[in-house]
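Consider the two complexes below, in which subunit A is the common component and subunit B and subunit C are the respective partners.
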Partner chain A sequence: MAMEMRLPVARKPLSESLGRETKKHLVVPGDTITTDTGFMRGHGTYMGEEKLIASVAGSVERVNKLVCVKALKTRYNGEVGDIVVGRITERRRSAEDELAMRGFLQEGDLISAEVQAVFSDGAVSLHTRSLKYGKLGQGVLVQVSPSLVKRQKTHFHDLPCGASVILGNNGFVWIYPTPEHKEEDAGGFIANLEPVSLADREVISRLRNCIVSLATQRMMLYDTSILYCYEASLPHQIKDILKPEIMEEIVMETRQRLLEQEG
Partner chain B sequence: MAGLELLSDQGYRVDGRRAGELRKIQARMGVFAQADGSAYIEQGNTALAVVYGPHEIRGSRARALPDRALVNCQYSSATFSTGERKRRPHGDRKSCEMGLQLRQTFEAAVLTQLHPRSQIDIYVQVLQADGGTYAACVNAATLAVLDAGIPMRDFVCACSAGFVDGTALADLSHVEEAAGGPQLALALLPSSGQIALLEMDARLHEDQLEQVLEAAAQAARDVHTLLDRVVRQHVQEASILLGD
Partner chain C sequence: MAFVALSEAEKVYIVHGVQEDLRVDGRGCEDYRCVEVETDVVSNTSGSARVKLGHTDILVGVKAEMGTPKLEKPNEGYLEFFVDCSANATPEFEGRGGDDLGTEIANTLYRIFNNKSSVDLKSLCISPREHCWILYVDVLLLECGGNLFDAISIAVKAALFNTRIPRVRVLEDEEGLKDIELSDDPYDCIQLSVENVPCIVTLCKIGYRHVVDATLQEEACSLASLLVSVTSKGVVTCMRKVGKGSLDPESVFEMMETSKRVGKLLHTSLQSVLHKEESLGPKRQKVGFLG
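Entry: the complex of A and B
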């Protein structure tokens, strides 16, 4: 079996290759954001001695009278209407729960669900009250930082390259083969265990590597960026996508295409 | 170590530094992708800090505090970190005490009221111990907590200080600590000047306390300047990558 080894080498900062400055107002904890008391304070700030002080390291965002600091990397904070992908680790043991749910969802199952409500201490309550949510069958899970998942109208995408993807707001991305026909009656509780073809598997592997490259280079994940990255990676072999220099090249091309599309 | 001059007539210390001079500090944030926050610091000592949280309380639910988060700190020093090989990396008295001190320090700085009934874990590992390990741990842990995006009142910057021949020395090395003079460890919140933790175990005349305290506070502020630069650079790089 052929093996490739690399020696550790100091890498230059990623942003140097982009060569542009940021226009945002960056703060670190302890910095005064403003002494104007007319502002309402949002996440990432606290009031101390007549001034608004930052409590996380990130960029300041001002929306009318609300000032908040968006941290670079945060744990996922649930909001009503978010789509999440996750694994059932523990469930409530009540009699009615046993009767109703045990047949469908068990501990250890991977599911997609929507956030129904958020409690005051940050805990979220999920529901799968729609046919598009429910148990996930065969596919690949990628974990990325929640801050990289762009908020969109829909998080379920059927990509034209031949696979489908669910971008969970909690940073869990599920890639699976596009189902042949929509099973409306079964909903999401019957697992599809038919064998997946090699062509589909290759598409899914390539998508997985592309998503990992985008996350490593800290690019926002949404259907267009994933698709452009996939197309940029086609000249390379699937296993080569994760090599640092090829990763940089592919993501750079994706960035350029996205800029052209916007501009 | 009889005959070793900790402070020469010209005002130079054993390693060539001046009385108030710090050792060179190099720090990096975000060294581990798996943890929520991580940092690496070299300040004579080499320390790694990793932060997980805030997450649900592990173990007994009864320990959960209804109005704020629990801060759990663990200190571990590698067996090869000191001059003589250590038998037990963690679980010994010194590690437990250090863990407790780190916990007190960070409970003062982290805004725990924002995460009730959850737990924040801070693990610090010292790879090379060379005097002032508490300070290096606090500085590394501050960067790691910032990297994790956990809200804090301010940076926590720490430094050690000692007193030799009527002069206060800042940032003691192992040689200076082993000489047996008074040693003070100070953890400071720089913007407000509030002290998070102040510890000293030795005998020091109260007239001299003011001087030593001021030396430690100045050194902590110098550390803050440096850590501030590291964090801003990190935030700027990430901000450029994410795009506007």
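Entry: the complex of A and C
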């Protein structure tokens, strides 16, 4: 039985704790980026009165002659080929839909899918035309900002610590116990409702808390960062990871390890 | 309450986890999430408090105003509760959507304070049958992340602890007319004693066990919950069952025992935090809303 109450502590600005020398050029909508007309406009900018103005809040990125603003926190914008994890909220109520789909998918179910096409209003159409996609069974869902999920070759990871994770580009991260044998014939639409072992549960809970810590500290999420964070959290109890001071310590250690690995 | 949609498999996962005393975020069945409490956040109230419990964010303001006592209790002041579920908390509360939940919470607060010992109402009386202090307690729900009742009761207790009621004197002149005099010193106030103010402990029944401080996902897996209001000495002032499921009388007894244990710990933690904050004095660094 544990109960902890504390007084709130003001959050330190991230740049202080990172110790960065080069500060990012941050803008808000309406800020002038540059008055130099030689640049090409990228995402998040528009031309007005001979100057380049930002249309989103974020940091300015410059690649040669292209200037764009990368938003810090944004709604998910679909791209063809993205992997997403989604929840069914509504469905078509037609006769053929009832016959075909009701047995497999219900409202509230989670699925993993790939983006097939993007419409002009931003809506996306998804497909599950591969055996690795489909209905998701037992596990834990963590919702983070889509801008924190790094674009990689594969978003399905079987982590060595004993669980698997799907990093959806839309910010939905699904953590689940690694299936013992690959069920090639089922195709993932029949859920396994047997109890998950306690050891697997501990790994999943720890991963979930690590991902929440990384997201709170605005770190990019990919398999290496999650794994380093998991390893850094091992000395602590699972429920202590979410305490502010322990969260900072673990994420700091992860950050250092990632920098060492790059450099 | 705000509802989250969950798939069957997710619910099964949560229920099995609770049976093994390992919840999704690693807590045991009787562990609370980390709570942050801060008082005196709203400057134009007599007392205020803000409580953050995981994703649940509550702001309470107490205003002391003078009025006439109720007819059946001429020697006492009283408390009035009002709960506003802000549309910021969840889109369901837009417009009049949050009114039902707000009245439910306000009625629960009236019930738990409806006894002689929670707050010393006689100290709120200025002159019998004529003047008394009425404490208007306004609760604002900023964010809804599960376990609303517990967070609100903690915030109400913290705000009442922080309330400063100006000291007044009743003067009678020769013609028998009464005049109320406010002291010149703005810091000359009376403080309420919140020793017996109860806190609510919500116990959600999930499977065969019950959990304390449920998140929104866990609340979606539970069919019945018990709200128990406990004082710092472990005395139960009121109990209420919510949800469409049924509870076995034996499990009700077990849940009551758990709530008394957990309630006492809740009160000691809250008292220590409030005293610690008070000892930092008026010059402490206030975090407020932009921290």
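Keep in mind that, in the parts below, the second predicted complex is superposed on the first by the 237 of 263 C-alpha atoms of A that agree within 3 Å, B and C clash if a C-alpha of one lies under 4 Å from a C-alpha of the other, contacts with A are read in each partner's own complex, and residues count from 1 in each chain.
Operating definition for what follows: a contact is a pair of C-beta atoms (placed from the backbone, for glycine too) under 8 Å apart; a residue touches a chain by one contact, two chains touch by 3 or more.
As the structure is a computational prediction, the values presented were derived from the model and not from experiment.
Student: State whether A:R92 touches subunit B only (first), subunit C only (second), both chains, or neither.
Tutor: After superposition on chain A, A:R92 lies in contact with neither partner.
Student: By the touch definition at the top of the document, which applies to A:K12: first (subunit B), second (subunit C), both, or neither?
Tutor: neither
Student: Could you say whether A:G44 touches subunit B, subunit C, both of them, or neither, answering first, second, both or neither?
Tutor: first
Student: Figure out whether A:V56 sits in contact with subunit B (first) or subunit C (second), or with both, or with neither.
Tutor: Once the two structures are laid over each other on A, A:V56 reaches subunit B alone.
Student: Applying the touch criterion given at the start, work out whether A:G30 contacts subunit B, subunit C, both or neither, answering first, second, both or neither.
Tutor: first
Student: One more residue to check, A:K73. First (subunit B), second (subunit C), both or neither?
Tutor: First partner only.
Student: Where does A:E4 make contact in the superposed view: on subunit B (first), on subunit C (second), on both, or on neither?
Tutor: A:E4 contacts subunit C only, not subunit B.
Student: Figure out whether A:K153 sits in contact with subunit B (first) or subunit C (second), or with both, or with neither.
Tutor: In the superposition, A:K153 touches no partner, neither subunit B nor subunit C.
Student: Subunit A residues in contact: does subunit B have more, or subunit C?
Tutor: Between subunit B and subunit C, the winner on subunit A residue contacts is C.
Student: Which stretch or stretches of subunit A touch subunit C in the complex?
Tutor: Within the complex, subunit A touches subunit C at residues 1-11, 87, 89, 106-110, 136-141, 191-193, 195-196, 198, 201-202, 205-206, 208-209, 237-239, 241-244.
Student: Which residues of subunit C touch subunit A in the complex?
Tutor: My answer: residues 5-10, 12-13, 16-17, 20, 22-28, 30-38, 52, 261-262, 265-266, 269-270, 272-273, 276-277, 285, 287, 291.
Student: Which subunit B residues qualify as touching subunit A in the complex?
Tutor: Those in contact with subunit A are residues 30, 36-37, 53-55, 111, 115-118, 146-155, 189-192, 228, 231-232, 234-244.
Student: Going by the contact rule at the top, pick out the subunit A residues touching subunit B in the complex.
Tutor: Residues in contact with subunit B: 13-15, 18, 20-24, 26, 28-31, 44, 46, 48, 53, 55-59, 71-75, 121-122, 217-220.
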